[in-house]
Amino acid sequence: MASNFFGELFRITTFGESHGSAIGVVIDGCPAGLSITKEEIDEALALRQPGRNKFVSPRSEKDGVEILSGLYEGKTTGAPIALLIRNQNADSSPYTAIQNLYRPGHANFTYLEKYGLFDPRGGGRASARETVARVAAGAVAKKLIGHFGIHCVAFVAEIGGIGIDADLTDLATLREKTYSSPIFCPDERQAEEMMRKIEVVKAEGDSLGGILACVAHLPAGLGDPVYQKLEAKLAAAMLSLPATKGFEIGEGFAAARLRGSEHNDSFIANQGKTSLATNRAGGTLGGISTGAPLYFRVAFKPTSSIQKPQSTVTLQGEPATLQHPPSARHDPCVAIRAVPIVEAMVALVLADVLLFNRCATLHQVSGCELPGPKGPGFQRPDKKELTFI
Amino acid sequence: MASNFFGELFRITTFGESHGSAIGVVIDGCPAGLSITKEEIDEALALRQPGRNKFVSPRSEKDGVEILSGLYEGKTTGAPIALLIRNQNADSSPYTAIQNLYRPGHANFTYLEKYGLFDPRGGGRASARETVARVAAGAVAKKLIGHFGIHCVAFVAEIGGIGIDADLTDLATLREKTYSSPIFCPDERQAEEMMRKIEVVKAEGDSLGGILACVAHLPAGLGDPVYQKLEAKLAAAMLSLPATKGFEIGEGFAAARLRGSEHNDSFIANQGKTSLATNRAGGTLGGISTGAPLYFRVAFKPTSSIQKPQSTVTLQGEPATLQHPPSARHDPCVAIRAVPIVEAMVALVLADVLLFNRCATLHQVSGCELPGPKGPGFQRPDKKELTFI
Amino acid sequence: MASNFFGELFRITTFGESHGSAIGVVIDGCPAGLSITKEEIDEALALRQPGRNKFVSPRSEKDGVEILSGLYEGKTTGAPIALLIRNQNADSSPYTAIQNLYRPGHANFTYLEKYGLFDPRGGGRASARETVARVAAGAVAKKLIGHFGIHCVAFVAEIGGIGIDADLTDLATLREKTYSSPIFCPDERQAEEMMRKIEVVKAEGDSLGGILACVAHLPAGLGDPVYQKLEAKLAAAMLSLPATKGFEIGEGFAAARLRGSEHNDSFIANQGKTSLATNRAGGTLGGISTGAPLYFRVAFKPTSSIQKPQSTVTLQGEPATLQHPPSARHDPCVAIRAVPIVEAMVALVLADVLLFNRCATLHQVSGCELPGPKGPGFQRPDKKELTFI
Amino acid sequence: MASNFFGELFRITTFGESHGSAIGVVIDGCPAGLSITKEEIDEALALRQPGRNKFVSPRSEKDGVEILSGLYEGKTTGAPIALLIRNQNADSSPYTAIQNLYRPGHANFTYLEKYGLFDPRGGGRASARETVARVAAGAVAKKLIGHFGIHCVAFVAEIGGIGIDADLTDLATLREKTYSSPIFCPDERQAEEMMRKIEVVKAEGDSLGGILACVAHLPAGLGDPVYQKLEAKLAAAMLSLPATKGFEIGEGFAAARLRGSEHNDSFIANQGKTSLATNRAGGTLGGISTGAPLYFRVAFKPTSSIQKPQSTVTLQGEPATLQHPPSARHDPCVAIRAVPIVEAMVALVLADVLLFNRCATLHQVSGCELPGPKGPGFQRPDKKELTFI
């Protein structure tokens, strides 16, 4: 079944295995006229790269993108944009020793159940390595939504039970604080406590889970009713990421413990503009954005690959112990590296709903100046304008 | 934008407004040869109907389905199955008084922002009334997956902070306990406490949120990698429901506070069969079912419509107070009525992934007579078992 | 498999069998703000109704539509528009005698091969009765594209080898001539000859094939590259109609016998506008509209149901003769009644590509005045304009 | 808009421009367990390569595929299969002289109208070079359908008005004759006449159109009702190819000139098997395969690029003459090189409908061990046969 694409109008299709020759993505549906450079994509890739410090896996993945198609003189042409990232460091020999074992928390069991065969080098398609394609495509999506003043920031909100409060009003500052932190956590003091805990747990050969938060500023009216609610698309996007176990928007699970009078956001009028007095809903009502900041959280399980020995069975059904060699490199907490990936997925969702929104009303479809076909020649009179971008 | 369909191979398209003439659904893609009766669908509809007792809204919706197409002599023919439920009790006069107000927690604000117009009778498409179509279609989906031994039960797991522990091993018993409870809660003692709390809060003109849990028994191998993970589809299905604020699978958000050595489920071998020793993952690994029970939870916000006065503004931007008349009928806790709806959505998701699974391998595509993948290495040892579904 | 929907952004899903209780369609994705009335849809249905004269089947189908959802005060709301047409005259008793026979030219053989069962009352889903849903939806699509100055007319171009030349420049006149003809043929003299031939063939218990032509006026730039070419979508739309055997655009098959120097349309400049000097291409280049009239033709086979006895076999494999009773009512030439159906399908295709076109360029996505989200409140400043339509 | 994908369950997404760095395709949905080699794909690519002789363009494109993902030890794993073909010979300098001109018969006019910008090197996405990706993917699709005994052959049926009769019963012989002909025409004598005509026309600086035919052997029951008819999918596939102007199945446009008694195919019983006595329908009834050979034809316009000078205008609207330099290399008849491309597209369509067919009935979904539809009335008498595919 075709299961490697995401989005409808702004659609990505990804390919490539953890230890194959390359990871790639085809972006189909990006509007023509958007400026985008290799450098912008490489910058995004640099953020998700491991090896930055001891809090993420020391694998060195120096990823650089090759733009195979879809740009001409630095602008998108409406043609599909294919981005290729070669796997530089795909040494699958560490997997030889364990390739005959079902790995707890990993997908080789279910892939074998489903497909009857499995590429044992690294995690194949199930590896987090696949997310490099999401980040590359997300860089293009961010450029597109940025053109419309839509921005998003993800950050570490909790690791190993240590949580933070973050100021969500100023996205630029939030982003700066987040990306200047070794663990993408904008609260410097709490971040230090998290790092201490990570070091302890890592020394024990174990791993930690965490919670990411994401905030986006966007206009009212994005998202669609019923089955295409904005929060439904976001939830699917987040649960499509490796290691995710939960999604909540606004007050989320805490809302289940509030009363209606506590949870409802009142409307207020201010200089002729109606908006919400509070934002417990997290930015949507009925699946459509309210104009208040979009706010949601994602739960990540602790890294499945740990140094501690684990009891398991072989593919042949014999009891066995999974013990990674001391040289194996694993993230002590996968949530950290997921920050730029969550951001990329949100950008992909928002790019898609932005394009969909152009079809919501006659007014939207018409635009304001485009007169539609008129007169004998059916010539667009303002053709020049089209080319200005 | 087309946003009123759900599923790909087993696809539903729903229509109808809360106070329009009818609600309906077209099921496109149900395999031919499935027996289904009007009575089976009506039974499912009866479960979601309000007015059963004081814990749900006393609106009397005696829904009966009209099967417009797709059946011949009691069996599906492969043609689309159209189901129509007339709105019997669509008195929209209570809404006249409030139709000029933005309603806190409701979608009339965002629909107006998006579409520039809004059907003010009831909640229109945003009303929970729409879910009657999901339940009708879900009855057909349940029949289909039941044919393959797949079953699911949803139930109230927490209301107003009062939670339960439930035995998930015997679905028949769990279902019986759930549906014999006035509030769909299988734990009789905790249910009584919940009901006491509901009565208190209702008397105060307020409402409560709640958490539903759902468990499904299904074979290993269902669901698809990367963007079509089973949990991603379930999350989207749940967040597409009115009033939902969160989704978690397995340990969910609690997993973020565990260590890898605590969270990983070990594999064990038993009489030549490999399975999981525990089920913290909640039934999937890498987006594909493990064969262990699928287990997830959904957070519902407290009912937005409450008797307490709420401050808001008019559509014209003037400050105003929303005060429902004493005669207005609202659910004190929407989570209760959502139980059969959640079950319906799970059945719809599982019907879809079941059909998709027939295309996963050559062996699956071939049926039993063609050999499928063979030879050394990474062969599923128990290939025969695959054919039982 | 879900196979009863058409279109992506302007999507229809149809249901109902020839001799079931009703035929219906759900339109999902129609922009909000479009005025549409029951009368407009009924008018469209009246055009396809048989029984107008002896050149079409004398079955009396007085179809009237029930609009179940999606309109409020005469305007679309963005919600799905469900249209229901009850089957008034669904006497399936004539089929009892022949329901044990494979019917030459009909689909009961292939449906049985595929599904293992078949609804023998009339043609079930394979009946041309299904097209009533297309015509109802097409009426809404025409209204939408008409708002943008896009119009189309289909007409009978050839019956039984008798062809016509038609003036395609003035669509209003072409439409008037077409619909004032008993056989939807704008050339009065040739139409008379066709009618004479039809009467002769009908008297012999036989039937005739025919060719329809269709012309549409639309702006340049509609349609999409590669796999979503405008002509590819039109070809699929036409070959999805019962009894169609071919599609050609512009010079079509005749183009295969021309040289490049004869077939290429030169470009000319006229008062600063570039257009085509001729229109052999039929309105597209590279799958995208040129602004010249869209022109294509569709081949219809002769009606499969004829009075003449035909040799066949029973479902059990015994040789048999299919002989319709003298009372059976069949169209002597199905192409005639297909005229409003072809028009409906073209309108559905053009509505879809029109919506898609809003996402082609940044300029299109932006519209000209909509500033996008700005400033702290993300309020659309021109909200009022949205409601004017 | 996403317009660069084809197929639903067996889905391809293609990318790359004529004179960019590479052309590629991602196959998403190929079942796991299929053996495929680089050599098999390269062989398919070799067939479409120009430069074989004087009847096709002398551009030398030595295409070799790089398999980037989706295979492990020679077998598909269920992961997306990415295939990359580098552009070896992408000298775009010949286009510099003409890049300021609208080119008759080409898409630069419509792309500029739609997108406001155009990659002027070669035809960009509109170039026939894009079809290399279709052929690569088609090689995988052919392997898949071949596994189920489904085969197809395309061939030149007419060039410049010179047509052939071909024996369609033995596909192996037909294929051999076709691919041993310099112009892919299985009738050696007529092929020689065509070649003489091509040489004359080429010497005059002009080009010729042509008609391809295609025949496929496949079981009954493939394809779907109403909007997903097999012929509708084939028509869309064919009209998505560059330079195509028409599609017809079976008798096609000639059917419009036959009577019902002439056109209907009778059913006959032979040793308990029911089949068609003739095959004027061309292999489908009601959009579903009959088991008789699928037969259709596709019209190609004459090559748009010719040596003869053509009058046109500049992008600025000034009258101009398009005169290719003597060194420019064009196919004298594009239909010839389209033969392996048509074959690839048919294979892609049939792979998709084959996978869809696994969801048609309970029996199909179940595999062989579940009983499927049973009981009296309208039962397919030969249910067992269904399982051979």
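Worth a mention:
Note that the chains are named A, B, C and D in the order they appear, and that numbering of residues resets to 1 at the start of each chain.
Please note the rule applied: contacts are C-beta pairs under 8 Å (C-beta built on N, C-alpha and C of every residue); 3 or more make two chains touch, one makes a residue touch a chain.
Keep in mind that what you see is a predicted model, and the values were worked out from it rather than measured.
In summary, the chains found to touch both subunit A and subunit D are B, C. Among the remaining chains, the Cα-based centre furthest from that of subunit B is the centre of D.
Between the Cα centres of subunit B and subunit D there is a gap of 43 Å. With centres taken as mean Cα positions, subunit C sits 37 Å from subunit B. Rounded to whole angstrom, the centroid-to-centroid distance between subunit C and subunit D, based on C-alpha atoms, equals 26 Å.
Residues of subunit A found to touch two or more other chains are 1, 3-5, 8-9, 14, 29, 32-33, 78-79, 111, 114-118, 125, 220-221, 225, 273-274, 291, 355, 359-361, 363, 380, 386, 388-389. Those residues of subunit D that touch subunit B in the complex are listed here as 8-9, 29, 31-34, 72-73, 75, 78-79, 144, 147-148, 225, 354-355, 358-370, 372-373, 377-378, 387-388.
Contacts from subunit B toward subunit C in the complex involve residues 1-5, 7-11, 13-17, 20-22, 24, 26, 28-29, 32-33, 66, 68-70, 72, 75, 77-82, 84, 111, 113-119, 124-125, 355. Interface residues of subunit C facing subunit D in the complex, by the touch rule stated above, are 1, 3-6, 14, 102, 104-107, 109-118, 120, 125-126, 130, 158, 160-161, 201, 206-211, 220-229, 231-240, 242, 244-253, 255-269, 272-274, 281-282, 284-291, 299-306, 308, 310-313, 315-319, 335, 356-357, 359-361, 363.
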